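Letters A, B, C and D name the chains as they come in the text, with residue numbers starting at 1 for each one.
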Amino acid sequence: MEKCWQEKGNYHTCYSGAINTNRHKIKMEFSPIILSSLSLLSLLFAAIVVPLVISSQRLLIAISFSLTAVASLLAVAAGCWVVGSGLINKLILPLGLPNLPFHLRLDPLSGFFLTVIGLLGFFVSIYSIGYVKGFLGKRSVTPLVIFYSLFMASMFLVVLADDAFFFLISWEVMALASYFLVMFEDEKTENRRAAFLYLVVAHVGAIAILLSFGVMAGLATGFETFNGYTFDAMREAKFSSGWATVAFFLAFFGFAAKAGVVPLHVWLPEAHPVAPSNVSALMSGVMLKTAIYGIIRITFDLIHVFPWWWGAIVLFLGLISTVMGVLYALMQHDLKRLLAYHSVENIGIILIGIGLAMIFTSFNLPILAALALIAGLYHTLNHAMFKGLLFMGAGAVLHATKERNMEEMGGLIHKMPWTAALFLIGCISISALPPFNGFVSEWLTFQAFLLTPALPNALLNLLIPLGAALLALAAALAAACFVKAYGVTFLGHWRGHHNPPSAPPFMKGGKGGVEVDWFMRIGMILPAIACLGLGVFPTFFIQWMDIIPEQLLGSKIAASAGAFGWMWLTPVSHERASYSGFIVFLGILSVVAVVYLLLHTRRTAVRRAPIWDCGFGKLTNRMQYTATSFSMPIRRIFGFLFNIKEQVRITPPVPPFNKGGGGGLHYHLRVRDRFWNLFYQPVADASFWVSRQFGRLQQGRIHIYLVYSFITIIVLLVFLR
Amino acid sequence: MKTYPLITEILQIVAVLILAPIFIGWIRMVKCWLQGRTSAGLFQPLRDIIKLFYKEVVLAENASWIFRFTPYLVFGVSVLAAAIIPILSTDLSLALTADAIVLVALFAIARFFTALAGMDIGTAFGGMGSSREMMIASLSEPAMLMAIFTVSLVAQSTSLAQIALVIGHGPFILRPSLAFALLAFVLIAIAENGRIPVDNPATHLELTMIHEAMILEYSGRHLALIEWASMMKLFLFASLGIVAFFPWGIGEGSLKDIPIAFVLLIAKLFIAGIVLVLIETGLAKMRIFRVPEFLGSAFLFATLGMLSYFILE
Amino acid sequence: MTLIILLGISFLSAIALAFAGDRKFAPEINIFGSLATFLAGIALAVQVYMQGPMLAGNNFFFVDAFNVYLAVLTSFVSMTTAIFSRRYMRREREHGRIGHWGMRFYHAMFQLFIFAMLLALLTNNLGILWIAMELATLSTVLLVSLYRTPTAIEAAWKYFILCGVGIAIALFGTVLLYFAAEQVLGEGGEALLWTNLNQVKDKLEPRVLSLSFVFLVVGYGTKVGLVPLHNWLPDAHSEGPTPISAVLSGLLLNIALYALVRCKVLVDGATGTHQAGYIMMGFGLLSILVAAFSLLRQKDIKRMFAYSSIEHMGIATFAFGLGGPIATFGALLHMLVHSLTKSAIFFTVGHASQMHGTQEMDKIRGLIRGNPLVGWGLIFGVIAIVGMPPFGIFTSEFLILTATIKDVPLLTPLLLIGLGVAFAALFRRVQPMIAGEIPPNQQFLKVAHVPVILHMVLVLIIGLYMPNFLAEWFSTAVGLLK
Amino acid sequence: MTTSLAAQINSVLAALILLTAFGLLVQRRIYGLLHLFAWQGLFLSISTALVGYAAGSHHLYISSILTLALKVILLPYILHALIVRLQIRKEIEAVVNVPTTMLIGIALVIFSYHLTAPIMELSTLVTRSTLAVALATVMLGLLMMITRRHAVTQIIGFLALENGLFFAATSATYGMPLVVELGVALDILIAAFVFGIFFFQIRTTFESLDVNQMAKLKEED
């Protein structure tokens, strides 16, 4: 039942059809796609059947999220299997249009994304069992459960779909499900506003993707039948360069809108923070990745021949997103909003990898392209892990303090030691610090940058290194940002306005502070371990996913990447560059251990004392550095990029001065996204203006309406003659 | 496993651990001479560190484990960096662990934790120090990367050993690109190590502190580790400059080279110390918001280096 | 025979209801009559599916793939509307918005309206088609003014005059068509039979036909609600009772478009050019754009959805104008799913406005909490209507858009703008209505569950799995309309 | 009576119909309008009968009688009765002034002729030349509806427009099939009832039949 055939780029793959309509023999056999279908079925079961059957909300949470966790694991298994074996599996569901059934295809690329989504889905599902309980008694969690499962299912389907129609259905269902999740706490205005903005951007993007598929399908088949809508037909089609450009940029626009690429990112920092935190984790961690998947699929798989300047534009937008994302993140004091802006940054980093891969591909340098693509994909995986972890951590904080504003937090490390430690791991990972995973992918991206002198184009040779500098800037700013986020949230003293630090408004008192329950803890511990594992043993994972560039670009890097043994990552050759996360980790750990032991051979005294107050004696917690003050130097340096409104209001003192009449100093700062005024406000204004003009057509008097008919007839008659 | 790289590795780590305070001592000595003061001697920093190890640790009431863990981590990172940079020999058993970019990241992780520690105790000083430190770091990193980029263009590698080999063994060419890169590197090194004109390591004046503000609450062995680590950092930066720009004499694979390499290293550091002191004495501490311009020019030099590589070489 | 039963039931129910008046069982008669009509419609559909197109009643009736699905759709939606109106109208009656004459009138005219639409669909004679269209207008005019408020009367008057004039213009077009047909087919009743005309369409005089098409497109286009002939539509839909809005939006517009497309086939055959198609594309595009932007400024909930109907009729008209297998398939599907979705929306809208005692959107809030069926029904209806999957409208818009980008890529930006703006406008208004806490002015209401659920499930099924027979009908119809 | 004589008479009738159409356009008095409308119906009826005779299609006699009954007797009677019942003022004014309206009307006639001229050549019917008049009558009816602001006049304009349609149907094509004619007549009858009801509704709600009062439903701010 297996047959090898020539896939594009003279690579042999073995086909094991699950249900193969092309062949006379229909045979079900156990294959990755069956596994992933099982996963989908259990998700649909969780979405549709479970809420109908189970009336107890508490039980519903436990059962549904356990089911989604199992489903995620199944998806991970399917994904790992298919990436590991390099199989290409197909399945045709007898749904959809009669001549256009739903095509599913599981190849290593989709398998990889399936793994990423499933992995984080698994972690978040465990976390959700604990987290969602927080809503019990306040509102019905049934919609959350339903749309969560649907959301997961649709993400799986997006990466599995193999025809334009089904892809778009999954894509839009994904948007809708997440829309309802963002809307979950619908009595809040900001939730509604964010959800609305999100859905509008998502839908406009989806229409653009649809049009892109239209271009490709139209050119592929000429539309006499429905067959042109399958990805297979598009793969085979030859596109003229003009139409290919149109198709690519339409699709890129659509996917960029979903991924939150600057300047299409404005919905992202609105929508991600207001969603329930488990959903934020999924949205930031993996939903954005489906857009990355889309870009890779369209570019390298469907169009697969393109000029270098496409890549240059992708690279450029990636860089802009990276820098703008992190700069805006630095200006936030809402913890989840800060994380959301960091998603913009990280999507930018992934796009940098993809853009470089595109440039290398178009200059026919497949090995370098493979390196760049691996860098992008690896960052995709990494970002899913650490961003998921961070959002879950933020959720835990939110769960405990009912507060998203960092300025009202502080000192949580004493109250929530687990969360604090795990969040720290996330912070280190996202700041691209060794030995955690974020660093590996950024390092690979830097290596790809450093290889651009190989390009036979002088302009690119000169310009691309500047991009590397921008990436370095972003990485350093990210570190600054997370020092701020972590420092203000978890370190120092409680700085809440309304609650004195002696009695912080924590949910549960008692010993151990307000630490979250074990479901949430495990949900965070697992991605934290993943962050470390991915950082310390990158060679394993890179060898595992090397099949993807091999199939897409016809070249792989594993031969060189792991040439020096599993400990060392040598993307090109060990003379060129090498990195060993394992030794870094072990080295630091052993030195720390040795030094610690050496210094503790004898009993060492540690005395606790109040902090030094310079003799002032009246230090209060409000005198700590705040998030706003922390980012002040950077705000000043990059001020021109923001829309800043800074106000200091001084209330003069009024007598009697001794009691509360001492006057006040009020500092007000508002940092807005410049892009809102640059792109979105004008569009909205223009729409309303046009709308007003069109409103004049309908001005109430019947004579005027009759005149319209009259004129229409006359005009048509005149034109027809 | 060959024994030679292991031996050099150990030798080198020990050398760095001991030479780093002495290098600082040398700098202070030269500075005293230039300012017409009597110096405390070459070994005073070493003595300070040892003294601190015996002191009691006074911890702020609010300090968490991060505050206590940071000194060890910072020290550990410095030791690891010392094991990676080919100071005495290019053939180190851990040389492959990291290239130039990883090295920058290693210093970044130390800084990350130092900044967190600064935030931990919850004073305005700590926060201010962290904020400024991170700002400076974020500006110096792009410049650093551009300098590395330029050097790696010449050497076709970011591996430090490879850079040392290529530049040390190739025909001696006057490369404008490397000259620019060196200039940039010096500026970055000054900023990274908190030297004048960016920061003043000798002052505890509230508003000018950067690095000192973060570690203000440290005492005893914690302070010792941090001080030692920062001395090593300066030493390592100097060695990094030597590796990248003046690698002649670094050993390559036999124990015979080590004494020569050692002597040459001392000589180079001798000069480096003098140069640093000259810079520090010649300049005045800058306002904090002048630092971006300072680092901007470092970035400019590095970029010019890269451009001149493509255009001139 | 089935045909006669199909038409006869609604006609007889109309008479019966005229006598039944405001009696307690009148709504049940209404439902029962509609149900019987629907069953007859299904029987007819099965017959046509088994035996292919059929001529009946001395060539007076003609049923093929194109109209049989519309006939089933019409009978189905009228049935669900009848179910919906039972509770809805009872409430209106209780609140004294209409008297017992109004109820009598409402029920009788409702069935008469269904009869007129079915007649328009099933007749083979273009003259009868015209008469049925006029009858459909006349039977609903007074329903629009049922509440006797000044605005209702104004709306009804505009509806009456504008559609009357429009339909008269269409008659002129029909006369011209006959004028041309007479040359070929000879005098007499045969020359207005669509089947005969279709056979000789390439022999008809092109100039006369293109002239007649102008009148037909303006005439029937008024009824379809094409911009700039649409002005009656938002008024009539917003002022009439909601069941009437549902059938006006869901069915009548379809019938008018059906008439237009039937004529277009002849014109295209005669002229051999794509002229008629271009005219329809122009009207369609203009409708989409104007309606989309007008959506942005609506305050009245029913008026807003009326504009949405204009937009969707624009899309279907555009697609028919575009031609080609994919676009035509999409247009046929669009007519089906739009009518199902839009009537479902009007059902929920009707309940929502009854719950709040107003049609002003600013005063309608907290629907999901107040009544989950109404809230979720409305939001899913809107999701469907703006063309988001997994609902059927997405399928049709997908086909239409992809066909557009292949044939007339330069127009796609306009379509994109139209669809995007319409999407934003609808969501901007609907979202606050369904979300949030229950406002003080909301009242509890017993609502009709079946129609909304039935419609939405059907639209969902069509979106995910289109049954084979439907696709076969569409494909056959595509062949007919080539 | 030969065919050509019939055609000539028909042309005269066409001219008269056109004249009455113009008359309707400028007549200010409501009773005058009613009379003109009745006359137009009468001419139409005669013309239909004539064509039926000339072409030998006897079903046109039925339409002729229908026209006579409906448009000459019934509709004017209903309208008259309504006017009396509703106590409508006798004087009404046009929105656009008379000379301009006349000019536009003449332009419409020319346009109609220009439009139908190429088509008329195609026909073999003797009465084909009247198609232009029919189209012009339709257009003038529409113009009348646009320029008048009274509900009753609008309805008269609408009916005049339908007269034009009838004229087109009978003279240009020797009549539509009978069943169609009957159906159209029935529709007009229903329409008459509908507008009758409307007049009452408008009258009771708005105090007058001026349609300009009905401009509440609009999009403009």
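Basically, contacts are C-beta pairs under 8 Å (C-beta built on N, C-alpha and C of every residue); 3 or more make two chains touch, one makes a residue touch a chain.
What you see is a predicted model; the values in this text were computed from it and never measured.
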| item | value |
| --- | --- |
| Chain closest to the middle, measuring from C-alpha centroids that were averaged per chain | A |
| Distance-maximising chain from chain C - centres being C-alpha averages | B |
| Contact-richer chain pair [A-B vs A-C] | A-B |
| Interchain centroid distance [CA atoms averaged], chain A/chain B, Å | 36 |
| Inter-centroid spacing, chain D versus chain B (mean Cα positions, whole Å) | 100 |
| Whole-Å gap between the CA centroids of chain A and chain C | 43 |
| For chain B paired with chain C, centre-to-centre distance based on mean C-alpha positions, whole Å | 77 |
| Overlap residues in chain B, where contacts from two or more other chains coincide | none |
| Per-residue overlap in chain C, given as positions that touch at least 2 other chains | 157-158, 161, 165, 169, 211, 234, 294, 297 |
| Touching two or more other chains - residues of chain D | 115, 142, 145, 154, 211, 214-217, 219 |
| Complete list of chain pairs which touch one another | A-B, A-C, A-D, C-D |
| Partner chain A, residues of chain C touching it in the complex | 157-158, 161-162, 165-166, 169, 210-211, 214-215, 217-218, 222, 227-229, 231-232, 234, 275, 279, 289-290, 293-294, 296-297, 324-326, 368, 383, 386, 388-390, 394-395, 398, 401-406, 409, 412, 416, 419-421, 423-424, 427-428, 431-432, 434-437, 463-466, 468, 471-472 |
| Touching residues on chain D, where the partner in the complex is chain A | 95, 111, 115, 139, 142-143, 145-147, 149, 154, 211-212, 214-221 |
| Chain A to chain B touching residues, read off their complex | 410-411, 413-414, 420, 424, 428, 431-434, 439, 443, 446-447, 449-450, 453, 458, 461-462, 465-466, 468-470, 472-473, 475-477, 479-480, 482-484, 486-488, 491-493, 564, 568, 570, 574-580, 583-584, 587-592, 595-596, 599, 604-612, 614, 619, 621, 623-626, 629-634, 636-637 |
| Contacting residues of chain A [partner chain D, same complex] | 692, 694-703, 706-707, 709-710, 714, 717, 721 |
| In the complex with chain C, residue positions of chain D that touch it | 57, 115, 118-119, 122-124, 131, 135, 138, 142, 145, 151, 154, 158, 161-162, 164-165, 168-169, 172-174, 176-180, 183-184, 186-187, 190-191, 194-195, 197-198, 201-202, 205-206, 211, 214-217, 219 |
